[in-house]
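In what comes next, chain A is part of two complexes: it sits with chain B in the first one and with chain C in the second one.
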Partner chain A sequence: MKMELVNLSKKFGDVYAVKNVSLAAEDGELVALLGPSGCGKTTTLLSIAGVYRPTEGEILFNGLCVNKMQPKERDIGMVFQSYALYPHMNAYQNIVFSLVLRKRPKDEMERAAKRVSEMLGIGHLLKRKAAELSGGQQQRVALARALIKEPKLLLFDEPLSNLDARLRLSMREEIKRLQVQLGITSIYVTHDQVEAMTMADRVAVMHDGELLAYVPPEELHERPRTEFIATFIGSPSMNLADVTVDNTGGSAHAVLKNGVSVKIPKERLPRMPQRGNAVRLGIRPEDVSVVAERSADVQARVTFVESLGRENLVVCDVGGQRIQCLTGPGQKPPLDSTVGLKLDMSRAHYFDPESQVSLLWEN
Partner chain B sequence: MKDSEARSGTALTQAPQFPRRLNTGPAWFWFLLPAGVITLVFFFAPVIITLVISATNMSTITGLTRWEWVGFGNYERLLSLPQTVRRFWITLRYVLFTLVFFNVGMALLIALITTHIPRQLGTFFRAVWLLPRITPVVAYVFMWQIMAAAPPHGVITSNILEPLGGPTGNLLPANAFLFIVLVNGFIGASFGMIIFTSAIESIRQDIMVASLVDGASKLQRIRYIILPQIRWPLLFVTTYQTLSLLTSYEQILVLTGGRWGTEVWALWAFNVGLDDYYGFFQYGLGAAIAAVLVIMGILFALLYMRYFRFNELLHEPRIDVL
Partner chain C sequence: MIKRDALLKPLPLVSIAILSIPIFVGYLWVFMRTFTTRMYGMSPVGELTLRNWTFIVTDPLLWHLTLNTFVLAMGLTVGIVLVSCSAAYPLSRMSFPGRKGFLALTLVLHAFPSVVLLIAIFVVLNYLSRVPLIGRGLPLIGGVGYNTLGGVILVSIAFLLPLGVWLMKGFFDNISWDLERAALIDGCSRFRTWRQILVPQIRPGIAALGIFAFMHGWSSFIIPYTFMVDQQTAVISTYLNLLASGEQLMDYGVVSAVALFQLVPILAFYVFTQKYLLTIFGGGMKGGT
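Up next, the complex of A and B:
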């Protein structure tokens, strides 16, 4: 089913929790709603579910406006961060609850419950109450409860946030596998960018109730449209430095505050902002490398080194400008030493310091 | 399952080493002493004294010095008295009707309605229902007496019944039972109302939302989610209010004095033991009547526990392996 939001807004009192959001999820697509806590993801999801009435705008299911429909008429399944299993019912009763409400015959319920619980590997847990299940088991029951209705739309509200790291990884795979296999259009809310990037066909980035970008994951990382997205996506986050672009004489250079200048490749030359030639340069830590001083772009002093396991995070100071870089396992320069940094300027980004819009990618 | 066996095995061998120490010594005794003394003096002692007195012929004639033991004599007398069975049924009907229609029924209804309408409106309605409870009993009952009185003072008679050509006498004698239920019910409903409201409002929001998404209508949500979720408060209010109703008689005393078939068991005990018109107080018989109340109370409490399936509220420990 195709799900569309058209200029959706939701106000609580005088405050917009969701503001003018428009996006469309195609049939079978998994769309991630990504954003920091409090940015309106849950509100958007509950509006789609029919729990909240939109203040403005429309929600379309297959082109049909469902604004006035009760949740029960919408044919949706939902999975919550807190699992939200009914505590007074056992797993089986939780799973078949929607069928009980629709007064389906008992044998149909049993068959359907068997089907979904086998799919999720929880057949042996059906007699347990929620409090007798571990977090991972509860989430599987919750998933079974959402799937038994054969919904047209699946809504996930940070379903993995309460699980431990290892379980989160395997559940992530499993949810994605089920979603692809069943082909159910899904809206997946998360504040975890890795989750969004690995699972989603398209990622909707939200901030303060507004939709900032709605693009495939690769594009979000490679072609960020705003400074917020650029720094929000990727960990550790992108280095930012105020520079001026010197385009005199055959080649262009980015000149840092302290006078150090770095050559900008022709094919990566940014548009100039409306006034002046001051821009904000962004470069990801993985695109900065520690090299021998003769081939370096800039000299830097090491202020902090942290081992991240597979790689090291080296924090440097370039004449008052803080630059983070990721180095290979063997490369761990001592504190306070002077090192050379090479910036891969073919992967640099530029933003208008005033509007914070990208000067490379069209909006 | 092997896993859990292994774990309980370890637990068994380790248990004597560590937690045992906490149980040694008489420390627990001193910790329990204050609460124990209070419980004994204020809860058990009255019951025991009542039982002891019920086994004597103590009255204003014998005084506190010349009484004699009569064993089960007072209880035998109770069984032979013609009023006993009648009062028993009056009491049971009074408790049942007030409980079902007001102290639990109305309380639940108000709580459900006021939690499903805009918040401020709900708070207002609940505040209105608190008025009878905060009005002094005498003033409150007096209000009901005016309500029931004959014209020209009676509110119902002179404003509704008289213009319609209905009966015009005092409504109380003919409808005394109805009035004692109403008088107690309007006070009693607010207690359950407050407890049910807070219980409903503290149900987790996520399961309320989940039930809507699962396709429940508001009524289905009440039946399948809200009521099961407030089973404990329901049990508590039902038990507590049964016991209060069994033992309360002040409003009835003020309203009818027990006339017109409204002498409930507790009022009877009061009348026999402490309030005879001629000053003949039969402490022994009164205590026996009161003792029956205690036993009825315990029976009701046990019945509720069974009915609400107390055991099912406890669950098995979870095993954290998928």
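Up next, the complex of A and C:
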């Protein structure tokens, strides 16, 4: 089913929780709503579910406006962060509750419950109460409860946030596998960029109630349209430095505050902002490498080294400018030593310091 | 240090024990008095006797009054639980104009001394008893007017409602919104969500409030005393008052025995249910507007 939001806004009192959001999820697509907490992504999801009534705008299911429909009429299944299993019922009663409310015959309920519980590997847990299940099992029951209705739209509200790291990985895989297998259009709310990037076909980045970008995950990382997206996506986050672009004499250079200049490759030359030539340079830690001083672009003082296991995070100081870089496992410069940094300028990003819009990618 | 800790540890218990002595001595005196004909200080005079307890077999009125007391306590319990649960849900979950004002007002009413209202309530009940059938024509509770059990139950519920509503609201506040949303998406109506999903979650609160209300109703005095004047509609506490202030010389033995008779069920009830009663403090404190 195709789900569309058209200029959706939701106000609580005088405050906009969601402001003028428009996006469309094609049939069978998994769309992630990504953003920091309080950005309006859950409000958007609950509006789609019919729990909240939008203040303005429309929600379309297959082109049909569902604004006035009750949640139960919308043919949706929802999975919550807290699982929200009914504590006084056992797993089976939880799963079939929606069918009980629809007064389906008993044998049909049993067949449906058997089908979904086998799909999720919880067939042996059906007699247990919610409190007697582990977090992962509870989430599977919650998923079964959402799937038994054979919904046209699946809504996930941070479903993996309460699970431990290892379980999160396997559940992530499983949810994605099921979603592809069943081909159900899904909206997935998360604040975890890795989840969004790995699972979603398209990611909608939200901030302060507004939709900042709605693009496939690779593009989000490689072609961030705004400074917020650039720093929000990727971990550790992108280095930002105020530079001036010196475009005199044949080749362009980015000049840092302390006078150090780095050559900008021709094919990566940014548009110039409307006033002046001051821009904000963004470069990801993985595109900065620690090299021998003679082949380096800039000299830096090491202020902090953090071992991340597979790699080391080296925090450097370049004349008052903080730059983070990732180095290989063997490369761990001592604190306070001077090192050379090489910036891979063919992967640098540039932003307008005022509007914070990318100077490389069209909006 | 260790020695000091060892000394300090039993201190709360010891101080509670010391402070409880006067109360305990009182109960002990009542208990002993029921088996004697006369007491000199704390020591019984003369032979031990069961004469004071003969009312259990000889006095049918007392059993009738016990039934009345039970009906009053049960009526209060059922009424307060029903009304509190249904009133607390919208107060906790819905936003409507006047919600905050209503909550504040009930709290003020709770602080208001009920004695002040007795005359006004008499007028209301007296008026109600002129309404046919429900005024004074109902079985068991007699009606909801003046000089009926139902009227006393009605007034008792009203006085206990602020406490009940606030308490239940606290319990509802603690239930996650997601649970309600899940039920809504599964196809429950708001009422069905309340009845089938939310009320089962607050059973400890219902138990606590119910027990509290039952004990309150069982031993209440001022409301039954004011609004029920017939012997046929009296309860044990008012009967006790009658025994203690009658025209004849007061028989302390019988008064003590009846008092104990009233006390025993509530004591047994308390022993078995105190676990639930304590959840009042567990769940009721977290509420807010």
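One rule holds in what follows: the second predicted complex is superposed on the first by the 363 of 363 C-alpha atoms of A that agree within 3 Å, B and C clash if a C-alpha of one lies under 4 Å from a C-alpha of the other, contacts with A are read in each partner's own complex, and residues count from 1 in each chain.
Please note the rule applied: a residue touches a chain if its C-beta (ideal position, glycine included) is under 8 Å from a C-beta of that chain, and two chains touch if they have at least 3 such contacts.
Small disclaimer: the values here were computed from a predicted structure and weren't measured.
Student: Specify the outcome, clash or fit, for chain B and chain C once both structures are aligned onto chain A.
Tutor: clash
Student: Would you sort A:Ser307 into first (chain B), second (chain C), both or neither based on which partner it touches?
Tutor: Neither partner.
Student: For A:Gly77, decide between first (touching chain B), second (touching chain C), both and neither.
Tutor: Both chain B and chain C are touched by A:Gly77.
Student: For A:Phe97, is the partner it touches chain B (first), chain C (second), both, or none of the two (neither)?
Tutor: The answer is both, since A:Phe97 touches chain B and chain C.
Student: After the superposition on A, what does A:Ser235 contact: first (chain B), second (chain C), both or neither?
Tutor: In the superposition, A:Ser235 contacts neither chain B nor chain C.
Student: Return first, second, both or neither, reflecting whether A:Glu132 touches chain B, chain C, both chains, or no partner chain.
Tutor: In the superposition, A:Glu132 touches chain B alone.
Student: Of chain B and chain C, which one touches more residues of chain A?
Tutor: Of the two chains, more chain A residues are contacted by B.
Student: Once the shared chain is lined up, is A:Asn277 touching chain B (first), chain C (second), both, or neither of them?
Tutor: In the superposition, A:Asn277 touches no partner, neither chain B nor chain C.
Student: Which one of 7-15, 151-159 or 223-231 is the stretch of chain B that crashes into chain C?
Tutor: It is 223-231; the other listed stretches have no clashes.
Student: Check chain A for residues that touch chain B in one structure and chain C in the other, and list them.
Tutor: 46, 49-51, 71-72, 76-78, 80, 82, 84-88, 97-98, 101-102, 145, 149
Student: Once bound in the complex, which stretches of chain C touch chain A?
Tutor: 176, 178-179, 181-188, 192, 197, 200-201
Student: Could you pull out which chain A residues touch chain C in their complex?
Tutor: 46, 49-51, 71-72, 76-78, 80-82, 84-88, 97-98, 101-102, 145, 149, 157
Student: Taking the complex as given, what residues does chain A use to touch chain B?
Tutor: 46, 49-51, 70-72, 76-78, 80, 82, 84-88, 97-98, 100-102, 121, 128-129, 131-134, 136-137, 140, 145, 149, 155
Student: Applying the document's contact rule, which stretches of chain B touch chain A when the two form their complex?
Tutor: Touching chain A from chain B are residues 204, 206-207, 209-217, 220, 224-225, 228-229, 231, 315-322.
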